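Two complexes are shown next, each including subunit A; its partner changes from subunit B in the first to subunit C in the second.
So, the complex of A and B:
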């Protein structure tokens, strides 16, 4: 390979091969990203031409108490999702990281909600969480407790949707952790066992530290995924009651496709982009400096 | 060299495929008139095929291209078409956007056509006039194919079981409440209500019929601000009391596991007020499993018996259509002049006289039988609705139904806010929306 030039003007053929992809990325990614940045400074209903507002949309957003609620909801959802998916994903991976007849069935069963439509998941959980006829509340009533309004209580609705999202996606993180677990040499674990470590000590002193690169990888993905919560919120609560389960992504949808305030929606999207960007940079920094593979 | 040539050919192929996808499907001969027709109801696909076939047979040289867009995506897609100056020749128009589109110059002014032909011999003028009023202009910008109103649906089996007479079109609020009390039943005595007398939440079709039926208004049409008068507030208070005081209707949060339109047909509530288009849906979904009827929404103490809450569903013509005469002819045809009842959605009130006056409109063999005549009576009377610019946002509709006025009323019945607090906060939020549209 030595001596092969990859200067941009040096070889035409590679550029020709990637041209369709580059065109696709420009048309469907880069142009919308740049356009929506411009639109975030405008008032546009899709009908006429965008009217330039300077910082009008951003001023309106940061002067609104509802928007503050929506930001806090977004981070609350994100925290529940990230912590829940990592803990549950790791727990499931640890449980399933054994060999017995039929283990593939359990792995597939746990993974199934990941590939199930979020709308279908939302509808089924809506039934199960129903205040009067739902199976969960009937079980709670049967043991003599007063069941809550999982989706109708302003303090519970966001947590409930976040939990369902954790339930739906934990199978995905389980697969990632499982891959990480299976890379840990069995000799190391065996040596720990011979040295007298019990399973709990072995997990926290050997498995978890050796799994740290995977944990940080999963953390990055989970943080980004935690902001993609539109479908389940739409299917389960429509952001309600009131604004109690409304998040930045859902608010982008409302403003862009229900109210047709496209400029305003673009401003919200850019604020979301800044949050996700900062979190990802922070995560990459931690990963680079504190999560080097132990070997 | 061969590899380079192959690569260039491959890239050209991909690019040409991309461009080809964006061009017109087929060439059109000079004499052929092609009309693009956009509709929003995918359930009507078969009916639309029949309509197109008959129109094309009656008008040689005319080709209709129907694009059926799902209701949820329709407005986004057609707005983009409008922005690109590529509106279809004829397209479905909602009363909710009529004012915005008419004032933005995106609809063909139909006054010229209407003046020079027999439009009002064929269609009800009153429905056209409702459209004119909704557009906030002095012109006709859409041709209504239907009037949609709201009615009281009731479960005849439940009324019979409770030994109650069926609702009449003269029912008062007190008579309605009395029946609702008797229909609220804990069948198995476990302390939980098994059948509610009535079901509603903050939805527009559940609230406005009572408001306008009590001669109230929500938006002051002089200031264009949300300022419900006493009659409107009395109607809303009466409704919220059904949940909080009379306990004959469930709170919205008790019904979160249902689609709102399933509560009545599932027998969970014995009465329900919603759009007349649910006649078609109830017929299809319920069959003979439940006997049900239809009556006028009870008139309030300050209301007028002939006042109805309703709005037209219409077709509009693109302002830049190349074939305005043919587009008008087709719009009239599809609005009812050229079609039969069997391709018309039951429960919508035809704006074409021949359809509305067809004896089969109130087919006694189909539920709710002759109760359907109520719809024709309502169409003849005065009509009001709450549509303004920005309506979806301030009213709380579709994806935003937990907000706006819908969210305000739900907050009261769910016990999240007192009536006064909810309306103080709601009024401020609603007016912040209206202020953007009406400076």
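So, the complex of A and C:
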């Protein structure tokens, strides 16, 4: 409030207000990030003190084929998730961007899996995708096709989990796109219609370009969320069969809390952090240099 | 196709898509009312055999008596209500300070909050686990409550956005009345924010309720389990009974669905305006 000489708060007051948040930031975010970095150079099982290994953990990781599989799996999961949730989210939003009585029921129904736990979602999909008793494979057989082993096949398990995750989260992306769509002035679309544009033309020539800022916003969120797949993997495949649906977040859990290789798990966590960081920076860069003129 | 057919086609498509999202829930409910024999039939039955029979709620009874789901639901309810309450308290103070006060380091704190929102929990969980281990807090609820109390970055972010949009005449009135900082927050800004704070409470509660990693790591005493971790351990049993497991899933989802049914308008509205998911 420029021009007001009266001071309504002292110098220390803001710090009192924000103190718990700053403590939380330090204790649960910044200190763990720094100490994970140190731990990633050690051999440790949570007991005793960590033994310094220099680059031992990283050398082991990059020398192992298993870890290469896990990195590729992480990448594959993220790609399916990001592309799937953006395409499906946009399609759903475009479809449901109409006004009629009861439309909020349909939106809420599609949003429902977002607020459901990954554990419950994993359980019901495991049941539906089961080889003998699963409803989906029974329908496929009834049509006369040979149903696959959705979760038991090394080639399929990761894709299956990724698609279930897309199903679970697409309602969220639908709402984000819906917010963007409703910001597009109806006069613009009306003008295009008057000028003789058909719905497909006006979608690709007007709606999509005007939606570009939303697309980039959603892209950022989708990339960040694409790594958060621990719970669904735990509920559906436990990373298996073999390592076929193991990803970085799941591998951190496995090494730290199942094998008690805490230093090794910290190294994996750091590689994950670098992954997330690089993708976020890359995305911000694209946003800054290519999305600006259309804002 | 003429215009009416196009509209009819669109509605049909909306209904079909909705079925894809609702079907797994219907399947979960219907199969939870099946007997052992009925659920393992090929091809699968759509109408459950226990429905409207004398033993209609047998699976649910078993889940409550043999698997203690009443206890787990109660645990989740009070622990996560407390955690969500702490989160709204801390986030509204922090959000207010970041939105309305000027101090050195403000920008740094805000950026750090935003950056930490992006980091998966697996990056920080190992040192966090070690901290709670050394504090001797394993098998207590403190590790589920304290991080939620102190590290609710999205809530701070959301309330900061809200507080900076409160119209300035209110602020000026406060200045004229000569209120201090706490009064400004408590009497002028907080009453305005009841909507967003209620929404934040529900979102925080839901996110915690669905959390698996922390309760799995920090609770090993069965009596202390939350619903989500109990369900997950139930699923891990090698001779799992699917009809009971699905009844357990229904029970774990039901409280959230009830809350969602009543508040979906606010939750979806909030997602639209702030991008935060419920």
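Note that in this section the second predicted complex is superposed on the first by the 284 of 295 C-alpha atoms of A that agree within 3 Å, B and C clash if a C-alpha of one lies under 4 Å from a C-alpha of the other, contacts with A are read in each partner's own complex, and residues count from 1 in each chain.
Operating definition for what follows: contacts are C-beta pairs under 8 Å (C-beta built on N, C-alpha and C of every residue); 3 or more make two chains touch, one makes a residue touch a chain.
Because the structure is a prediction, the values reported are computed rather than measured.
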Q | Three-chain arrangement built on subunit A, subunit B and subunit C clash or fit | A | clash
Q. Does the superposition put A:52 against subunit B (first), subunit C (second), both, or neither?
A. neither
Q | Touching partner for A:179 - first (subunit B), second (subunit C), both, neither | A | second
Q.
Is A:243 touching anything from subunit B or subunit C once the two structures are fitted on A? First, second, both or neither.
A. first
Q.
Going by the contact rule stated at the top, is it subunit B or subunit C that touches a larger number of residues on subunit A?
A. C
Q: Give one of first, second, both or neither to describe whether A:62 is in contact with subunit B, with subunit C, with both, or with none.
A: neither
(Q) Let me test your reading of the model: by the given contact rule, A:204 touches which partner, first (subunit B), second (subunit C), both or neither? (A) neither
(Q) A:259 in the overlay: touching subunit B, subunit C, both, or neither? Say first, second, both or neither. (A) first
**Q.** Which of subunit B and subunit C A:285 touches, first, second, both or neither
**A.** neither
Q: Kindly classify A:153 by the partners it touches after superposition: subunit B alone (first), subunit C alone (second), both, or neither?
A: first
Q) Quick one: which of 112-120, 166-174 or 220-228 on subunit C sits on top of subunit B after the fit? A) 220-228
Q: State which residues of subunit A lie in both footprints, the one left by subunit B and the one left by subunit C.
A: 13, 17, 20, 23, 46, 127, 132-134, 234, 253, 257
Q: Would you tell me which residues of subunit B are touching subunit A in their complex?
A: 3-4, 7-8, 10-11, 14-15, 18, 75-76, 79-80, 82-83, 100-101, 104, 106, 192, 251-254, 256-258, 390, 392-393, 397-403, 407, 410-411, 414, 416, 429
**Q.** Residue ranges of subunit C in contact with subunit A within the complex
**A.** 10-11, 13-15, 17-18, 20-22, 24-25, 27-28, 31, 39-44, 90-91, 93-94, 96-98, 101-103, 106, 109, 112-113, 116-131, 133, 147, 149-153, 156, 168, 171-172, 174-175, 178-181, 184-185, 206, 209-210, 212-213, 217, 228, 231-232, 235, 242, 245-246, 249, 252-253, 256-257, 260-261, 264-265, 267-268, 271-273, 275, 277-278
(Q) Per the contact definition, I'd like the list of subunit A residues that touch subunit C in the complex. (A) 1, 4, 6, 8-11, 13-15, 17-18, 20-25, 27-33, 35-36, 39, 46, 92, 95-96, 98, 100, 104, 106-125, 127-128, 132-135, 138, 142, 167, 171-172, 175-176, 178-179, 182, 217, 221, 224, 227-228, 230-231, 234-235, 248-249, 252-253, 256-257, 262, 265-266, 269-270, 272-273, 276, 280
Q: Note which residues of subunit A are touching subunit B in the complex, please.
A: 12-13, 16-17, 19-20, 23, 45-48, 66, 126-127, 129-134, 149, 151-154, 234, 237-243, 246, 253-254, 257-260
